[in-house]
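Have a look at the structure below, then the notes.
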Amino acid sequence: MPELTIAEVARIVGGEVERGDPQRTVHGVAPLDEAGPRELSFVAEARYYAYIHASRAAAVLVARGAAIQLPDGMAAVRVDDPRRALARVLDALYPPPAAAPGVHATAVLGPGVAVDSTASVGAYAVVGEGTRIGARATVHPHVVIGRGCHVGEDVVIHPHATLYDDVTVGARSVVHSGARLGSDGFGFVPEGDGLKKVPQVGGCRIAEDVEIGANSTIDRGSIGDTTVGRGTKIDNLVQIGHNCRIGSHVIIVSQVGISGSTRVGDGAVLGGQAGVQGHIEIGAGAKVGGQAGVTASVPAGATVSGYPARPHREAMRVQAAVFGLPKLVQRLKALENAVFGRGAQGARAGSHADERDGGEPPRDE
Amino acid sequence: MPELTIAEVARIVGGEVERGDPQRTVHGVAPLDEAGPRELSFVAEARYYAYIHASRAAAVLVARGAAIQLPDGMAAVRVDDPRRALARVLDALYPPPAAAPGVHATAVLGPGVAVDSTASVGAYAVVGEGTRIGARATVHPHVVIGRGCHVGEDVVIHPHATLYDDVTVGARSVVHSGARLGSDGFGFVPEGDGLKKVPQVGGCRIAEDVEIGANSTIDRGSIGDTTVGRGTKIDNLVQIGHNCRIGSHVIIVSQVGISGSTRVGDGAVLGGQAGVQGHIEIGAGAKVGGQAGVTASVPAGATVSGYPARPHREAMRVQAAVFGLPKLVQRLKALENAVFGRGAQGARAGSHADERDGGEPPRDE
Amino acid sequence: MPELTIAEVARIVGGEVERGDPQRTVHGVAPLDEAGPRELSFVAEARYYAYIHASRAAAVLVARGAAIQLPDGMAAVRVDDPRRALARVLDALYPPPAAAPGVHATAVLGPGVAVDSTASVGAYAVVGEGTRIGARATVHPHVVIGRGCHVGEDVVIHPHATLYDDVTVGARSVVHSGARLGSDGFGFVPEGDGLKKVPQVGGCRIAEDVEIGANSTIDRGSIGDTTVGRGTKIDNLVQIGHNCRIGSHVIIVSQVGISGSTRVGDGAVLGGQAGVQGHIEIGAGAKVGGQAGVTASVPAGATVSGYPARPHREAMRVQAAVFGLPKLVQRLKALENAVFGRGAQGARAGSHADERDGGEPPRDE
């Protein structure tokens, strides 16, 4: 396992060492309250500055301007952005274990499969006819890849992921365990007393530097392709319907669902559990709140939230009014008493608001 | 790869050729803006008619009455319903790749397993004791099937799907990658300071012509069975709890969750991300809106939406009133000013609606 | 298959036999309407008492005080709590099939793997370097376990589950099919025009007696660990973000999502599809309603619901007021008519509430 001196840490992150011994070594990173004397820690938010003094860490990554009190022997490494500095140190201290190049004896390759000599294909992987696997790619054990796929250079595909036929994954992308790329879209037409499946014959193209979380599903196109743009990051358990066009550098948080044929512009952010209707467009740079239900297109740069999703500012104003409703009802009663006399309003304009329980949350068994 | 003349396309879909050369051949289907000169396209909605003129497709499937302008050389195939026509053409042009019959040398079969001679069992599939696999069924690589299961004729089970013990899948059904059929229901009873698992010993019976999406989960019954009726279509990442009884020709869109012991009637439609409480009944033909939270039984044929779900018309009326609340507050103030005089209402009937931010910005990490 | 006399059933559950023949045997348990003459049934809720008379079951588990009418030949076994009694009988009648100890010939074990001689490792399982598997543990076929993991005594890991590197699963825990433990957290920092992955180097520690449902995902920590406490039960398709600390005896229903670094106290209950923001705390014993959106910490013992989640009583009051809004608007109009004269209010305080459709019908493709 690699180790670094504090001086080396400072050089990697472009920071300066304050106090402590620059030649002391660290071999890992840990939170302030767990770090031991051979570990580095970091603090990004001011509310945690006070905890630095009680930590046993060898050194702490902290913002240049932060007013902190270092305990005896601890060094600070001053940087502009502790989170970005942390990412760089982690790269250096925790290089991902490199899979040995080569195809495991138990892997089953179809006819015409081309695996680069520097790529790794793990135990029990199954790769279909005509698929190409690029340089330094890692196909972990138990990955199943269909026919005619293309896995780019430096791609990592984790165990139990599935690529159906004709799926492309661009260079340096990461596909997590249980992700399903190119599964059939949900398309049926009425026939007789039931439904007939519309064959889903489009493709699924994932660009470079994409990350796809565990157990997420991205359907292939019906006709034409489903596409995910460069640098987009998709969390776990996300659903992307057929023929969606997801832009570049989009962030899609866990359990989001996007219905078919919707377009999401570059740099958009979708909060956890948001649902997006089909055949609409989320503009570039738009932000969608967690659990929002998006039922119409969202302009570029807009922030929306709630159900149905509205501009966030408006949704907040409405929400405040909603939570003020019981008081508003009191004010209305006071007016009615003043204008109509006590107890008279029911007869004039209908009964009071229905006070019975409006329902129960769906709960467990 | 098959190809068809435009005349053959017309015959398959029961349509008529207009303009163009009926003997010209097509070998694929593509969207209007992507189709090349050897591809067929289709237009189902009038708003896309205007794009036909710029397409390079050899021919276009379009409704009989549609007023369109065909570019030189393009044929139109006139039909009643372009979507249904498309489904038929796709069947003809894209026959699914047939897996070779037989059991792959690496498949592991338990004692007493019966695989029909026309069925295909792929690499590394594992099939438990006493399970039967019917004629022309395709069990893809890496499928795990438990003991005592029955896989019907022409069933397709995609890679990495799991059937626990005692699961039945009816003829022609399709189970997508990562679907889990017959997993344990979520049942516990208090014991000591914690919870004791209630053994889940019921079955899981999927009828004919069902489709189950990628990474969906259908729990086995606690005692008695969980059942899914004929022709029902289930999208990706759907959860169906123990002892649910799902009817025939039901449509369940992605990320829906149905708690245990709920019944869903024939032909019901559940929109994406809807949640349904346990021990209730969704009537036949009912429609549940996307993201709705269904906390009580829904009558047959009703349409409900929102949280808690109410009749859609009522939910829309309430929603309109909610979004009109800020203006309603203004009207109330005007009345108070008129009746009580300016600035006086706070003292009489409580303070104003709480105007502070009622919520939080979009979530992400 | 085991069978029990009714007298033995009574002894196992601490109950008394009423009517019928205590020496009659049962070999299974079934719902009232499905049970045959060699099966036991049970009734937990009074609304089902009336159905006992029509059942063919040999005997019924029922509460001591219940007023029921037994058909000829049926015995009742009287107990304090029929659900808990049922769980005990199921244990006796349906012992889980024991996997044969030993490592299947096709399993691939890395260097330094230690499998207890009483444990079972199934076909095609892959176990990484240095991992330990405890006594009587069952690792089903097609499980993939990374490097440096620890699988405790009596643990059951179902087919297709994945443990990434450095994951610990405590004694007697159950991991269902397709669950992903220790997948990378969703952590990125801006870099250039895109995002750079923050290496996720923390661990994932699951305590004893935990159940993790099918296709659920629990991310490893960024730095420091993600932890799940003793006796906690997690349903299917649940997402738990990096560095979450889930307490003991917590119940998390299907499709819940918990963002990173949130703490959930002992004994809390999260209803289905609830979403919880990151970096907050759900107090011990708190209850979160189904589909709730929790955007701020919840005190111990509190019950919250709705979006954004509020105390349940307040949320219900607000909801009732919301559903009463159309009537409230009528009352306001009546007041305006009385104070300002008919038709005058629009001019004074803005237009009426916007009555147009605020949303969309149910979504599907």
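Points worth noting:
Residue numbering begins at 1 within each chain, and the chains themselves are lettered A, B and C in the order written.
Here is the rule we go by: a contact is a pair of C-beta atoms (placed from the backbone, for glycine too) under 8 Å apart; a residue touches a chain by one contact, two chains touch by 3 or more.
Because the structure is a prediction, the values reported are computed rather than measured.
A turn of 120° superposes the CA atoms of chain A on those of chain B, with the angle given to the nearest 5. At the interface between chain A and chain C, under half of the residue numbers appear on both sides, which makes the contact a different-residue one. With centres taken as mean Cα positions, chain C sits 23 Å from chain A. Within chain C, residues 106, 124, 142, 160, 178, 186, 215, 235, 237, 241, 251, 253, 255, 259, 272-273, 275, 277, 290-291, 307-308, 319, 322-323, 325, 328, 332, 335, 339, 358-360, 363-365 each touch two or more of the remaining chains. Only residues 106, 108, 124, 126, 142, 144, 147, 160, 162, 164-165, 178, 180, 183-184, 186, 188-191, 193-199, 201, 215, 217, 219, 223-224, 235, 237, 239, 241, 251, 253, 255, 257, 259, 269, 271-273, 275, 277, 289-293, 305, 307-308, 310, 316-325, 327-328, 330-335, 338-339, 358-360, 363-365 of chain C touch chain A when the two sit together in their complex. Note for the complex: chain B touches chain A at residues 28-31, 34, 81, 83-84, 86-87, 90-91, 93-94, 96-97, 106, 122-124, 140-142, 158-160, 174, 176-178, 185-187, 209, 211, 213-215, 230-231, 233, 235-237, 241-242, 248-249, 251, 253-255, 257, 259-261, 272-273, 275-278, 290-291, 293-296, 306-309, 319, 322-323, 325-326, 328-329, 332, 335-336, 339-340, 345, 348-365.
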